[in-house]
Amino acid sequence: MGLSHVDEKGNARMVDVSQKQHTERTAIATGRVRMKESTIKLIMEGNMPKGDVLSTARIAGIMGAKQTDKLIPMCHNLPLDGIKVTLEVGDQMDVVDIRAVAKCVWKTGVEMEALTAVSVAALTLYDMCKAVDKDMVIEDIMLVKKTGGKTGEYTRV
Amino acid sequence: MGLSHVDEKGNARMVDVSQKQHTERTAIATGRVRMKESTIKLIMEGNMPKGDVLSTARIAGIMGAKQTDKLIPMCHNLPLDGIKVTLEVGDQMDVVDIRAVAKCVWKTGVEMEALTAVSVAALTLYDMCKAVDKDMVIEDIMLVKKTGGKTGEYTRV
Amino acid sequence: MGLSHVDEKGNARMVDVSQKQHTERTAIATGRVRMKESTIKLIMEGNMPKGDVLSTARIAGIMGAKQTDKLIPMCHNLPLDGIKVTLEVGDQMDVVDIRAVAKCVWKTGVEMEALTAVSVAALTLYDMCKAVDKDMVIEDIMLVKKTGGKTGEYTRV
Amino acid sequence: MGLSHVDEKGNARMVDVSQKQHTERTAIATGRVRMKESTIKLIMEGNMPKGDVLSTARIAGIMGAKQTDKLIPMCHNLPLDGIKVTLEVGDQMDVVDIRAVAKCVWKTGVEMEALTAVSVAALTLYDMCKAVDKDMVIEDIMLVKKTGGKTGEYTRV
Amino acid sequence: MGLSHVDEKGNARMVDVSQKQHTERTAIATGRVRMKESTIKLIMEGNMPKGDVLSTARIAGIMGAKQTDKLIPMCHNLPLDGIKVTLEVGDQMDVVDIRAVAKCVWKTGVEMEALTAVSVAALTLYDMCKAVDKDMVIEDIMLVKKTGGKTGEYTRV
Amino acid sequence: MGLSHVDEKGNARMVDVSQKQHTERTAIATGRVRMKESTIKLIMEGNMPKGDVLSTARIAGIMGAKQTDKLIPMCHNLPLDGIKVTLEVGDQMDVVDIRAVAKCVWKTGVEMEALTAVSVAALTLYDMCKAVDKDMVIEDIMLVKKTGGKTGEYTRV
């Protein structure tokens, strides 16, 4: 039929890691949400209509990290050993910076968990503030560092 | 105890929309993943180790949209009427552009569904390609248009 | 790039139903799990090592129906009005017959909910009995009837 | 076989509500977690090792409410219009009182959503504080009021 | 901005357990649902309108235990080795007693899994019986014993 | 009350595997969806109204495998090491054959993960094609091979 060949080629798969070693893994991801200074002031004063923005985003990021393998089709489910999400207002009062650190001791890395935590925290910031500012932009979600695994350490330059 | 006041202030809540009217809603969000030209070539040739990148990301974005209210704490669950995710390689061969259109007839808007679809599609692109390129950056996820609801139409300028 | 065209063609999407009317919908699906007579006897005597087989399968089928849109990528999430799953041992003592009836008043049908309920109930039967019988086969999951919607009634002949 | 009769009797089912009217529904549930005064002081001073207890519990309660139909087998999935969870330290400094108000306009009530919100908030309080106090007890989760629906108003006496 | 400090303080986090040892863990939790004698009779006779109450609650408790880390924000996801939920009518015919035993071999304990199983079973009892009795109360959910881990055995006195 | 005995008997439980060894496990399951030749042609030409059928079904199968323990009540949650789903049109142009291979190194097997992957892929095929063909039948989902674990290798004869 020829179909199986086409199939083989496009064949999305969750790569077999059964032969890989358990090693300690860390991944750090960052991103930011750009917004008006007036929006940031409302956040800091605790006057957003949906309530406390930063703690809701932090918790959403942590819970989002635990959903990573349900969201990303070819991602392995793995037992996450720790996840920390921090949010900080930038010096120019025009962004909220987001940073997530994920850890596990497993056969595959936790890059996607860290990136998902940042993404969900960013989306939650948007949701909590969108009644007063729809122009916000989620910017520059990236991996800044990973350790562990066969490919070893990666640091973004 | 004074606590209840502190509580009241920080009080995250899912806003009561029981009195709002059902209106037809649309939201369009965009974003992009910046990557090396060599990465884009591997995507287009169907040679990524995890398989077909674009169709996996598209499907992940659509399924992610249906998880929006589970990921974003104060987001209402609502019956989504339609969601479409498109991915296109930019003319400079340095980005994959992502666009999501969400629709519903309901009391609240679908901005978060469209933004979540773009975010999950972007994360999936990252996951599918990270074996060959860890420097990719998810850029500029934003709402470009919404229609319907009390606040009416919004178009990003 | 030519890519967008390829994209457009393969473009999986959750079809826009925002203009469709709410009508009352029913769907009936059936299936069966073929197994040894000795397996069926253990079920009926309540002697399976994992416990009560039929009530666990029935509940799993009902709960599975509520996960339909999370499992089936292009399926709409909709408020299910009712779901009933019945399991019955066949006269020949060689199968357990499964039947699910799903109902809703909505813009799209509940065929997938009924079929998913049958499938999850069948998988649960397999799981509850596999310690004593790995040769079981899940057979002939099909839609037997649907009512409501623009395409009207369907009855399998 | 006689089995179908046994089956019919025990037959768990998600009751068919397709003929019921949409009415405005409210449900209020309460509960509390009893704990040592020293535990409550650590909560109020923000010195718990897992971080901010009350806002985490509040958010967990709200998100838990949206999972109600996935947790409670025979519960209908429905679009929740609003959910509010409040936590307050009791005057005797020996309990944290939890209260949830759920709203929707739908065919079935939101009692389970309110009760689930209280339960998940209570479990989260336990989790956030268990490193310093394992003797906490989750007490008296109950419905205090509901309005709407065919059976009308209920107020606990 | 001072904000990062506030942030640091309230900072909910999923504690890093990457350095902890795998040990065998057990946790036992209990709770009960108080209800009218007439309600208990309907349960025992199998005459509740939603069907078999006890087996539905038992299965819901087991499935709920597997959702623990999705419900409790700072709870680690872990592979559960076993979960058993028992329900028993009290001698006075005024309560259903619930007990859950959870087991795993992992870096963190399973107290929350046992407590979640009891809570979800209790909520399910409420849901299955609320058509005939809205006055039921979920009482005294608590940890009665845990073994394993650095802090060793705990037995409630 | 005698109830506890009845209870004990019907007692569904997630069997305690805390004492079992980690061994490498594989499971292979198959199934197929029977459909009209005209339906298969539409799939192969990429002309189905919901878009690309085979890649959507493949991805759904993989993602479904990761939901196995949430769908099947007594199934253990475990970290899946790999899952591959293949779909192929049969020589007679009357069926799409589905095959899933699941792998893990764990205390329990991955039979249910492989069977769930096949089932969800089959349901997705149905959903993607049902607009043009409601007579499709999901046939013969079965385990064809498993390796690893105390009971050792199983090959369907």
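Chains here go by letter, A, B, C, D, E and F, matching the order in which they are written, and residues are numbered from 1 within each.
Here is the rule we go by: contacts are C-beta pairs under 8 Å (C-beta built on N, C-alpha and C of every residue); 3 or more make two chains touch, one makes a residue touch a chain.
The structure presented is a predicted model; accordingly, all values stated were derived computationally and were not measured.
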item	value
Labels of chains that are neighbours to chain B and to chain F	A, C
Label of the chain whose CA centroid is most distant from the centroid of chain B	E
Interface composition of copies chain A and chain E: same or different, split at half	different
Between A-D and A-B, the pair joined by more C-beta contacts	A-B
Approximate Å spacing (C-alpha centroids) for the pair chain E, chain F	30
Centroid spacing, where centroids are CA-atom means, of chain A and chain C in whole angstrom	34
Intercentroid distance (Cα basis), chain F paired with chain C, Å	13
Residues within chain F bordering two or more other chains	10-13, 15, 52, 55-56, 59-60, 63, 67, 70, 73-74, 79
Pairwise chain contacts under the document criterion	A-B, A-D, A-E, A-F, B-C, B-D, B-F, C-D, C-E, C-F, D-E, E-F
Chain D - residues contacting chain C, complex	1, 3-4, 7-8, 10-18, 69-70, 73-74, 76-79, 106-107
Residue ranges of chain B in contact with chain F within the complex	52, 55-56, 59-60, 63
Touch list for chain D against partner chain E, complex	9-13, 15, 31, 46, 49-52, 55-56, 59-60, 63-64, 67, 70-75, 111-112, 115-116, 119-120, 122-124, 126-128, 130, 134-143, 146, 154, 156
Chain B residues within the chain C interface of the complex	24, 44, 54-55, 58-59, 62-63, 65-67, 79-89, 91, 103-105
